[in-house]
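All chains are identified by letter, namely A, B and C, in their written order; residue positions are counted from 1 within each chain.
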Amino acid sequence: MTQSSRDLSRRRLLLGGAALGAGTLLTACTSNEAEPNDAQIKTGGSEAAGGNAAPGTEVVIGFSAPAADHGWLGAIITNANAKAQAQAYPDVELKAVESGSDAATQRAALATLLGQKPNVIVLLPHDGKELNAFGLEAMAAGIPVVNLDRAFPSARAYRTQILGDNYGMGVAAADYVIAQMKAKGVAAPIIGEIAGMDELELTQTRSKGFTDTLAAAGFEVANRRAARFTVDSGQQEASQLLQALPRMDALWNHDDDQGVGVLAALSQAGRKEMIMVGGAGSKKAIESIQADDSPLKATVTYSPSMASSAISLARLIGQGRGLGDLVELQVPKEIVLASETVTKDNASAYLKLGF
Amino acid sequence: MTADVVLRLTDLVKTFPGVRALDGVQLEVRAGEVHCLLGQNGAGKSTLIKVLAGVHRPDEGVVEWLGEPVAFANPQAAMKAGIATIYQELDLVEDLTVAENVFLGHEPRRAGFVRRGHAAARTREILGRLGHGEIPPRRPVHKLQAAAKQIVSMARALSHDARLLIMDEPSAVLAHDEVANLFRIIRELTAQGIAVVYISHRLEEIRTIGDRVTVLKDGRTTAAGLPAAQTPTAELVSRMTGRTIEYVFPPRPPEKTGQKELLRVVNLSRGGEFSGVSLTVAAGEIVGIAGLVGSGRSELLETVYGARRPDAGTVTVDGRRLTPGSVGAAVRAGLGMAPEERKSQALLLGEPIYRNVTLSTFTRLARFGFTSARRERESAGRVTRSLDLRPADVDRRVRTLSGGNQQKVVVGRWLLGGTRLLILDEPTRGVDVGARAELYRVIRDLAADGVGVLLVSSEVPEVLGLADRVLVMREGRLVRTAAAGELDEDTVLDLVMAGSLMEGAPA
Amino acid sequence: MTATAVKSDVRRRWAGENSENTTRNLVLLGVLAALIAIGAITRPQLYSDSTWVWNNVLSILQLASVIGVVTVGMTFVIIGGGIDLSVGAIVALAGVWATTVATQSFGAGGMIFTAVAVGLGVGLVNGLLIAYGKLVPFIATLAMLVAARGLAAQISGKQTQISESAVINGIASTKILGIPLLVYILAVVAAAGWVLLNRTTFGRRTVAVGGNAEAARLAGIDIKRHTMLLYGLSGLCCGLAAIMLTSQATSAQAAMANLYELDAIAAAIIGGTLLSGGRGTIVGSLLGVIIFATITNLFAINGLSTEAQNMVKGGIIIAAVLVQQFRFDAVTRLLGRIRN
């Protein structure tokens, strides 16, 4: 690659970087300076402490995520693609394979990827359990695996995993609901829940965090419907939930994308007596919270920028380097991104994060 | 002779809701004989076969097999006991090979694995016994001709070491020379002591192959064990019908001359099927084509009608050329067709009679795209009355009609549309004797009204008796055209089979 | 005609296909009544409020409205001897296409036109491939399912597209005489479908082509053209459904209308449509859709899981097919016996 094209691509990243922005904040275990995130490159901070941004040996990173037709996954793909295209790191080559709509197709795509012998593989598995065997196989073949978002049950199946905090989302949503109910003086609130795709473990974990936390406060979920992360399923399930609960005090919807449909159902039924909490943190939802024009009063985040961080981690692993600010010589085994609660008060800060 | 009796039925009764299908049937079949079963459609032949084959169980009466009273629980039991049935609609699995069909359900096995080689060898042996060693045991059945399929069916029956073979209208799907071969095989089987129950509508066949005849009418045996060769036709027919008719053609009208030419076919060809065919049909004229199955006759009719696209040649009606390969254009020009396979090519079996009759005219009977059930029922009613269709109820579903009445529905369809040229492919196939005569009358009446008719039949007497002019077709070419009066059956048969009359041909 | 003749005439007609359809529809109504009764028994406190009951009925009908419109089109295709696996994908594509920034700039009229045109267009492409390209319907529409969802994902950039049109969004929240507009739309589409199937030459051709394509062809019916139109009709229904769904969700995305093909086929089969073609009723299909919606509603008001709901739906589909086969066999056997 010539110097000028590298500059060009870097400049492209500067422009695109605004959208990603603080997305690479590794709130769980690291600080701004420690992470070679886009913001740093943008500010020319490549010589910051730790020097992670300094070019190292060439690393070929394989990337696989399920076919995306939904907002959050779409954001992940876009993120990864942005990374690849912008080539923030001159020493990284990204080989991305899109991996269909089920575990079997993804396994097939991964077999191909493995044949290309990348230095590190970043993998968003369709299902962590189903692809655990692949993680073991790749690790045994000496290719470190960075698991993105959906944990493998076996610790030997990955070098590092970077996860959102699904349980924490439920906890954060419940905490907000509890606080609001207490503030309003509702002793026995009727609480509804619109979950995401019920066959995914992450949905179960989110719901568990929600119910556990509510139970600690003596509350419970009165009715729960599972949608499919799509707008129309959100509308449909919400319309039925509203039928089942003629009065509702609080509603947690796991996913802001399907939340568009949930809000539509609320308005079609003329129901606005409850407070609603979203999930994931879409741009539209955060805007709506800021404008305070609907029952949606808060949303609990599930970082869409973790793919970027995963690539950064993969690069460091490939180069055998640790996180700059940490004393350890290698990248940590696990990074969990905390779920944060976005309300009217802090919405403006999160707006640029939303997908 | 009692010792020779393999099967004896006494006072057999089988009822279905609302119908007494068998109402006292007596039948006695001896080893090594061909026992013919005669009766009109609906006389109970099919039910009787199904009782023997173990499909149905009789309500009353006794079935004695090899001297023991038996009750077959299912078809497998009957087959195991040595009774094999070859149905009119062959029940072969089209995608399996010949050998797989022959041994279907009783494959020779070792340790759970089918011994394919062994099955093929035994199939070859059985086919050889049937005089058809040339049929490859490993060929998929769908690649075989109808006649070969029937041989496979018989091979399957023999693979069970059958002692009684029931054949339901085996000649219906066969051409003339193939029938001769069938008869040769039947004679060989009976020589080995196997009994055959043979069902056919064709009296001439019964005379040729049969030893004794049992006649059924309305579920009852009206005559048992008559000698097949000697019993006068009049007696057989009267036992079946109470009437005395067979191949009764209406009197030929005086020859018409100067009729306007309606259809002209010039040099029509279609690869591998027929070539260079030219013919004409005038208004009010009946033109008959005689030819074997596979001579290209059905393909020719379908091409004239636009259901197939010709490679070369033209079809003109009233001097106007028809769009090749367009049925719609042919119908608009006044053509109509009653195809060979009524059920699969012409009828909506689950729909009422009137909707079948108006299938090609409901658009014309409709107003602004809205159909009129009233107008359709009226129109269909007129046609069914003029054709003496029974039952006359136009709301009845076609599935419930007999073959002859179903054919009337198909023909009636074209009477409604003001059709000027009617194409009939095997118009009397599967139609019983009584209904045949009525169909002949209908066809003649149509011609008298000025409709041109182009028909194909496997039965030479039918072509000769019905047509004004006869075309003989062989291997895709017209080999002779003559007025019906100038030809006789022997001449036509000779032409059809290229001058080589085969041995043992039925007279 | 004498009185007895009239009576026997009536009895005979009732003994035929009409009575078969009527019986089936009465059975379906019975199932529906049973489902509602179960709801009333399990949630008496909800059912004691008549306003709630009325709203619940409307909610069920609203739930049935979009898939109902799709099912009307599907019923025609199946009666005509085909199958359309691409309906969900067409709904998604039409919805996404109608909600692009460019389309939305033309206003609600432009969006409706786009959805209907896209639906009709894709349906006609299906029909062309099947009728003139001689592809098997299953394969052609399966390919279209994949392709249309892909195109929808491409157009939307895998993002949710929010509808900014107050008119479009208003369709789902509009009520006339207390009944949602979406329910009227379903009623009009179903009524039009009924007339089209039972009273027009188009419907007659559909039954003929599906019942015996060769017989229809030899009777002079242009079966290719008709087959193409059938898929066009299905696509048209999908376009209409896309607008309804977009209005309900106030947005569209490539993943929406998930598995509508299965829901529509299942509803048609439950309603008595013969998968092999030639027979089926609009009323039956509609009842099938409403039964499914009622099951969803029943499970929702009882707070039961979606898994159980799907298992029950699957069980009902199997039961319906078994009943259909049993009946068909029984009828065939009976007729066979009578003939002999």
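Worth pointing out:
As a working rule, a contact is a pair of C-beta atoms (placed from the backbone, for glycine too) under 8 Å apart; a residue touches a chain by one contact, two chains touch by 3 or more.
Just so we're clear, the structure is a prediction, and the values are computed from it rather than from any experiment.
In terms of the distance between Cα centroids, chain B is separated most widely from A. Relative to the centroid of every protein C-alpha atom shown, the closest chain centre, again from C-alpha atoms, is found for C.
Computed centre separation for the pair chain B/chain C is 42 angstrom, with centres defined by C-alpha atoms. Centre to centre, using the average C-alpha position, chain A and chain B are separated by 72 Å.
In whole angstrom, the spacing between the mean C-alpha positions of chain A and chain C is 37.
Looking at chain A, one finds that none of its residues touch two or more other chains.
Residues 46, 49, 52, 55-56, 59, 62-63, 149, 153, 157-160, 162, 169, 172-173, 245, 248-258, 296-297, 300-303, 305-307 of chain C are the ones touching chain A in the complex. If you check the complex, the residues on chain B that touch chain C are 16-19, 21, 42, 44-47, 50, 305, 307, 327-328, 330-332, 337, 339, 344-352, 355, 359-360, 362-363, 366, 369-371, 393, 395-397, 399-400, 402, 413. Taken in their complex, chain A has these residues touching chain C: 68-71, 73-74, 77-78, 198, 222-226, 228-237, 239-241, 243-244, 246, 257, 260-261, 263-265, 267-268, 284.
Taken together, the chain C residues at the contact with chain B in this complex read 12-13, 16-17, 199-204, 207-208, 211-212, 214-222, 278-279, 334-335, 337-340.
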